[in-house]
Structure formats: C-alpha cells, structure tokens
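The structures come next, written out as structure tokens.
The same subunit A turns up in both complexes below, where it pairs with subunit B and then with subunit C.
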Partner chain A sequence: MSDIPPSVAERPELQALWHRHSFVELDARARAFSLLDEDTGQEYCDPFDRIESPWLEPQGLVPESDDGLVVVKGLLAGESCVVIGIEGAFQGGSIGEVSGAKAACALQLAARDARTGQPISAVLLLETGGVRLQEGTLGLNAVAEILSALLELRGMRPVIGVVAGPLGSYGGMSIVAGLCTRVVLTHEGRLGFNGAQVIESEAGIAEFDSSDHALIWSVNGPAQRYATGLADAVVLDDVPAVRQAVITAVAAGVPEHHRSEELDVLAARLSPSDGGQARFSLPGLGIPVAPSPGQDSLAASHPGSAQQRGAES
Partner chain B sequence: MQTLNLEYHAADRAARRAHVGVVGSGDLEILFEPGTDPTASVRVRTTVDGFDVVWRRVLDAFFAHHPVAGRYELNDFGATPGIVSLRLLQVQETSRKPAHPESNRI
Partner chain C sequence: MSRSQTWFDALSTQTLPSPYRSIAIADSDLGSGTPARLLAVVPDPDNEFPRARHGEVGLLEGIGLAHAIREVIELDSSLADDQRRSIVAVVDIPSQAYGRLEEQFGEHLYIAAAVDAYAAARVAGHPVIALVVGSAISGGFLAHGLQASQILALDDDKIEIQAIHKPAAARITLRTIAELDELAKIVTPLSFDVREWATLGYCDGLLKVSNPDQPTGADVSLASGALRDAVARARLGQRDLTNRLQSAQAQHARRASLQARRRLTEQWA
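Coming up: the complex of A and B.
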C-alpha cells in the first residue's frame, strides 16, 4: 500500500476506502473468524465432519461439506460469542435442513449456556435468499427453530444480525434479522422479505420494477433501512469497521424492548406520511437515492408468498 | 450430476489436511487429507455431466507435476479447468503451511 496515488492522498475522506480490508469479499468462514478476537475462534461441525445435506444429490445438485453454514465460537472483545455465518455463494445462501439445524443448535446451546450462568452473545452473518426450495418444509421448520432459539437467547444476551452483502438478507431469514437485538449493515447490504423479481412477478412492474436498481436500493438498501430504524448501524465494507460495529452492538446489551416488540412504531411505517416521496442518501458517501415514480409505498412486500419463494432474491 | 473416482501414484507427503473453496457458481471446494500410502485418490462430484475426458486430462496433468499423497474430495459447481488446477495448487499449498487458526476445532 505504499503507492498511494496523489488523487487519493490529497483527499483524506478516501483514505479509509483505500486502506480497507473488504469484509464482503471474504467467504463465510473467513468472515466469522475475522470478527472474533485473534486466534480464539473454534469451528463446530467443520467441513471434515462432512455434515452435508442429504437432499441435494438425489436432485442432481452437488452438496457442500458444511452445507453452506459456518459456526465459530470464540471471544469478541474478550467475551464469549458464537458467530453463525451463512455462505452466500452456496445455493444462494439458502437454509436447508442441515444448515438450519446447525444454526438452530448453535443458538439453542448459546441460550442454554446463558441460562446456566455462562453468558454468550451471538452474531448472525445473514447472506441468504431464505429457505432452500429443494428442501421445502424442512427448511421452513429450521427457520422456525432458529426463531425460537433466538427469542430465548435475546432475552439474556444480545443477538446481532450482520447483513454485509452482496447477496443481502431475504426470505424467511429476514424474519430472523427482524428479531435480532440489533442489525449492522454495510453499504453493500440489502434487507428485505420478498426479492424484487418475486414482487414484480406477483404484483406487476408498476408495483416494483426489478430492473430499477435505484428503486431497489432505495427500498431494501442500507440508507433506507437505517432511516426507518430497521437497522442500527451502516458501516464501510471494512473488517475492522464491521468488527467494531458488532462489538458496539453487543456492548449496548439487552434492551428493555426489542425492535420487534414496538408494534405501534412498525405499524406507523406502513403508512408513510410523505406518500413515499422521501429521499434518502447513503451515509458518508453522499449518494442520493430516490424512489421511482411507480413506488408509492414502503410496504412493497406481499405476505404469504415469501417462504415458498424464499431462495429468490 | 456425476461422480468420478481416479487414482494416481503420489510419493510426496503433506503436513496436514486442508479445505479450500466453495460450491458456488464457477467454483469448487476441495477437502484434502494427507495419506501414508503413495497414492492420491480423487473423488469428483460435479453438477456438469459429460466432461469425464476433460476431468481426466486436467487431473492427469496436475498430479504428474504435483504428486502429493492423500485423499482429495472435489465438490464442483461448474469450475473451469483453470480454476480446478488453481484450487488444487491452493489446497496443496495450504496443507504445507503450519496450522492456521482456521484449523482450530473442537
């Protein structure tokens, strides 16, 4: 990094971009280890345990040795923490029977530890299209078990959701994101329930134009999610920045009321007072993003079709 | 989906097991465990059918130059021959390095 071009050297605001160590470009395993204190991470059910999905081979798909989900336990700023990382490159980061069971068991064990006087927080790296279509109800069941374990743990220790991108968090796992104590996004992260193409195919292009990237980012992107209080921090795609945001989110502790319990606040968001004309900008980068004329509501999702189409983003 | 099993004579030894890659589009994951027999046994599972000849040529050429003994499991999602060779080199290189923190396990 010695050859910094003058165009960067002259502009201090670009230094962080120039020197950053991308979090988004890491795979799930490297992301999980990079968040924890150095040399403290231990992986559970690693690739050599070969706990694969039994449902993919019969359908002509090659399984992955960790089923696309990584569980690493270690220390975060000196305190116990388990990181559950979804690998977005494998089957769209989808949750199947095995990957879902790994995530649910990790949260259940964390809850058991927290209950028995060994406090441990959890971090979920959500890079997912939702339930794995090839595994149907087994994936849906896994999401339910994850939700149940998360609800128990979050009463005792923080559960932090991180949506780094580029895939984003969609489908059933976004319910998980919604229940997290706090949510950290990068500028590359998107958080939604139905994917843009699903909404367009179900409700028409006037409802949501999936080719309009500015529209998608103005609805599912980090600036919007932060502005409407569905995310708590938006950080640069940089390992130290993401790690610090997670440490801060854990240190803030267990809130008296979780976001998902504030039903009046959530209901108010369904009827934006400005008719959906609000403009948002990406914090720190000064990029204005505006909804398209066809976009008249922030609540562009259609309940009911998400779980069957969970892997569609 | 197709499964191929191949064996090569391999006299070189590796220090430890290694895992690289991901079963993502145009990529593959490789699990490598060192062996004591002078053999490299390779199992390939690939989503793309009908490329047996290409696989054989790529692996023949690779193990002729890099005969490290052990078991190789390749889970492929449409990687090109170039990517396959790079991942094989990477897994052998990783298996020579001292244990990385990521090899920690319970």
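Coming up: the complex of A and C.
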C-alpha cells in the first residue's frame, strides 16, 4: 500500500476509509468467502455442476452456470454458517427458477440441520432487483419458496440479510429482508420494495422522480432505513466491518419476536398522529409525512461510519 | 363490483368486522362440516393511501392480512393441529401498491408481515387454500396466495397470474408486448394464460365455472367442493411447499429446480 498522505494521517477518522478493503467491489462468490472464517468456506452446486436456467437461451439471453447465485457453507466465528449470495452483475441480481431453488434448498437444508442438533445460521447477500421477469411465474414462485424456507430456519437460528450495494435490494427479494432476523447495510446499500423507475412509470413523476437521486437515497438509503428501524446496522464498505457486523448480528441470537411479527408496532406507525388528519409520522426521524406526492423529499441525516443496534433490538 | 368482492360474498356465510376496509373477513361453510375463514383484499376507494385504492396490497393491506390470519391462529391455538380451521384466500389483486409513501414506510416489511402470518398458519396446521378468481400479480400475490398449501384458479380467459402486469413486463425486459406474447408461446412461465400457468406444476386445480363474473349457485357449489377437496389434500400433505415440486407437471416443467436441489442436497454433508 502506498504511503499515507499527511492529509489522511493527521485525521484519525479517515484512517478506516484509507485502509478499507471494499466489500461492494467484490463479486458474490468473493463476498461469501470473505465473510466466513479463512479457508473454511466450501461452495455447493457450483458452476462446474453446470445447472443453468433453461428459460433464457430461447429468449436470446446467455445463461450462467451458477445462475447468478452462490451457496457457500463454512464457519463464521467458529460456528456453522451458510452464505447465500446473489450476483448483482448477472441479470440484475434477479431470482430465477434455478437460483431460487438453490437458495430455498440451502435454507431448508440448514433448517433440517438445525432441527437435528447441528445448529447453522444463514446469511443472505441481497444484491437484487427481485423476481427475474424473464422467468415470470416461475421466478415469482421461486421467491415464495425462499420466503417459506427462510421462515423454517428463522425460528431456530438467526438469518441475517446484508445489503451492501451498489444495486441494493428491491422487489420480491426485499420481503426476504423484511423476514430476516437482522439486516445489515453498508453506506452504499439501498433497501426498498418498488424501485424509483418502476414507481415513476406506474404512478407518474409527481409520485416519484427517479432522476432525483437525493430523493431516492433519502427514502431507500441506509440512513432512513436505520433511523426507521428497518435495518439494524449500517457499516462502512469494508470487509472486516461487514464481517464483524454479521458476526454481531448472529451472536445476538433468535429474538422472541421478529420485526415482521410486531404487528402493533407496524400498525402504530400508520395511525394518524395529529387528530384525524391524514398525516403519518415515521419513527426515528420525527418528520411528519403528508400522504400526497409532490412535497420536498424526506431529509435524513448522514449516520456515522458504523452504527449497530444493541442485541436486544 | 370486483371479482374478489363477488366471490368473497358468494362463498361467505357470515361477514365479520374488519379493522381494515380493504380486507374482507368472513366465516364460510364449505360443506360436509368444513368451516373456513375467508380473506379477500377488496378495492377501497377511500383508502388513506391513494396508491392502494384498487385492491392493491400496500401497507394497510399487509398488516390487515397479517392481523386477520394471526387472529385465526390464536382462536384455534388450543385445538389439536389437525383440527385447526382452513383459511381461504380469495385472490384478485392487480399488484402491490406502487407509491412513495409506501416506500418511506418500508412496504417490503408490511408485505413480509402477511407472508410471515400465512406461513405460520400453514405450519401450525391450518390448511391454507388460495382461490384465484381474477388477477394474481407480483408482490400482491406473494403477500396473498403464494404461501398457500394449495392453489386453485378459475379456468377463465380473464385470469392473469404473473410476476408483473404485461405492459411493465414488456417495458422492463425491453420488448414490445407483441414480442412478449410471441416469446410466451415457447417460454411457458412468461405466459399470461392460466391454462399455461397450470402446466408449471403448482396449480392444484382449474375450476371451469359458467359465470366467473356473477357466479351461479352451481358455480359456487363447484368452488366449495373444490376448496373442500383442497383442504382434505392439505391436511394429508406436508406443511411446507414441497408439494409444488411433486406433481407430474412439476417433474417436467421444473426439472431444473429438481436437479439443482438434488445436487445441493447430495453435496451438503
């Protein structure tokens, strides 16, 4: 590594940035191996098994031999863990029949192990636009099967969602994030259901201007997601930082109630907060939001370089 | 009137109060001593969330479904798990709600709440049956229908089961609608035709009724009978979704899924 320039050396808060090893720049396979303890990862149903999507070639699209999803099992801080990583560079990180079957099957096998006294946690690297539209209903069903499989495991062992970026997590696979025991984002990670372009084309530019990047980040970005309780940690884009956040999230164990079971909390957020006027408030930011489009974007402050909720949340 | 409301009314014995106007809840008698709790997402023109006024599943609908399902689980929690009542999801959903407010609140989590509740009911022993009477599209279907133990659909030209509605599917995959229709002839999962969807292995019955828009008495008894049979199958079957891979049609249409699962299971020590 080159010498540290004085401008960095004089400022301790820049040291982490200078020394970091980017997680976001890694592909899905490298991300999965980098999270696990060194030399413990083993990939299952890897590209040499050559199981490809049968639906792409007839559409003139080139399939990949791992269908854009890697399953790597190994140790995380000495305990069994399976990492399921979506490759954002293949078909927009979308879930098709084969990639979906791999993810669902890995989660079900983990659940089987956990039931038979071999506890294993799971980490999902969500870099995805959701259902692969080129595989239509089979992609949609694949997501439904992943959700069911995740829930089989979640009651026994933590299932951690990681949204690193740059794609972020959108569409049906974000329901996965909603079901996860805990969610870790980097500062480059966005988490949403409908992407800005989709909302704009469905509802018009007044509803969501997809060219307004500040708006997108203030709605789907890590600061808002952390402040409103949709994510549990925001970390620097740095392999050791992401790994440490995942270890912490797994170590916090299985909570009594998961985020998606807290119906009272979810309902309270939607209750009119000022005497029957149709206004709503988001927790954490304390900023009232009017239910009509065309207002100034929600302001969200930039968080520190790393935030993590306590184990109790 | 929407098809979800029509079929909900036709199948319900007694409508129950719902804290959410867009969620219809009723008790139903499917005959032969088979009680069921009926749930439907119905259009609410006064929905506080303007992007969810046409029967879409948005924030209120996600939590409304979760609430109604959790209530049934609670009601039957003291019964033996093979005695718990069935839940029937009447499905006619244009999509999830596409809106900025929805994004700000985290629509994915509200949908997840519904998914979580449906799966919990299924695992607890409640047979969960989806009956598609209209559209079953995208996140709306994931929230309301796709966690079911059994999925039935009307055999009708107006049924649409897809990952997204057709104009958006064409736009996002950079095709014209004509090109998409052409491709759907050779790539079955792209089809919008319910009969094609039924060949993919996770359709548990297509119901040929005489009037899908205004069901006759005979249509309703046909549907009740099919629902009753589906409940019986669900009671005998596994409580996860593996039955979607076991049908003869799945063995063919989803052979890539089966191959990937087989390989992964062999290698997983």
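By our rule, the second predicted complex is superposed on the first by the 267 of 313 C-alpha atoms of A that agree within 3 Å, B and C clash if a C-alpha of one lies under 4 Å from a C-alpha of the other, contacts with A are read in each partner's own complex, and residues count from 1 in each chain.
Simple rule for what comes next: a contact is a pair of C-beta atoms (placed from the backbone, for glycine too) under 8 Å apart; a residue touches a chain by one contact, two chains touch by 3 or more.
The shown structure was predicted, so the numbers you read here are calculated from the model rather than taken from an experiment.
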Subunit B and subunit C placed together on subunit A: clash or fit? fit
### Message
Quick check on the superposed pair: does A:S210 touch subunit B, subunit C, both, or neither? Answer first, second, both or neither.
### Response
neither
Comparing subunit B and subunit C in the superposed model, the one touching more of subunit A is C
| message | Looking at A:R29, would you say it contacts subunit B, subunit C, both, or neither? Reply first, second, both or neither. | response | first
Q. If you stack the two complexes on chain A, which partner ends up touching A:A89: first (subunit B), second (subunit C), both, or neither?
A. first
| task | Applying the touch criterion given at the start, work out whether A:E64 contacts subunit B, subunit C, both or neither, answering first, second, both or neither. | result | first
Applying the touch criterion given at the start, work out whether A:A144 contacts subunit B, subunit C, both or neither, answering first, second, both or neither.
second
Practice problem: Considering only touches as defined above, state whether A:Y44 meets subunit B (first), subunit C (second), both or neither. | Solution: both
Exercise for the section: Go through the superposed model and pick first if A:G136 touches only subunit B, second if only subunit C, both, or neither. Expected result: second
Distance floor for C-alpha atoms, subunit B against subunit C, superposed on A, in Å, equals 5
Contacts of subunit A common to subunit B and subunit C in the A-superposed view 44
Subunit A residues touching subunit B in their complex are 27, 29-30, 33, 38-39, 41-44, 46-48, 50, 57, 60-65, 68, 87, 89-91
The residues of subunit B that touch subunit A in their complex are 1, 17, 19, 22-25, 27, 29, 31, 33, 45-47, 73, 75-77, 101-102, 104-106
In the complex, the residues of subunit C that touch subunit A are 48-51, 59-60, 62-63, 66-67, 70, 95-96, 98-113, 115-116, 119-120, 123, 138-139, 141-142, 146-147, 161-164, 168-169, 171-173, 183, 186-187, 189-191, 197, 200, 202, 240-241, 244, 253-261, 263-265, 267-268
Subunit A contacts subunit C in the complex at 44-45, 49, 51-55, 58-59, 67, 71, 73, 97-98, 100-102, 105-106, 108-109, 131, 133-145, 147-149, 151-152, 171-172, 174-175, 177-179, 191-194, 198-199, 201-203, 207-208, 219-220, 224-225, 228, 230, 258-261, 263, 266-267, 269-270, 272, 278, 280, 282, 289, 291-293, 298
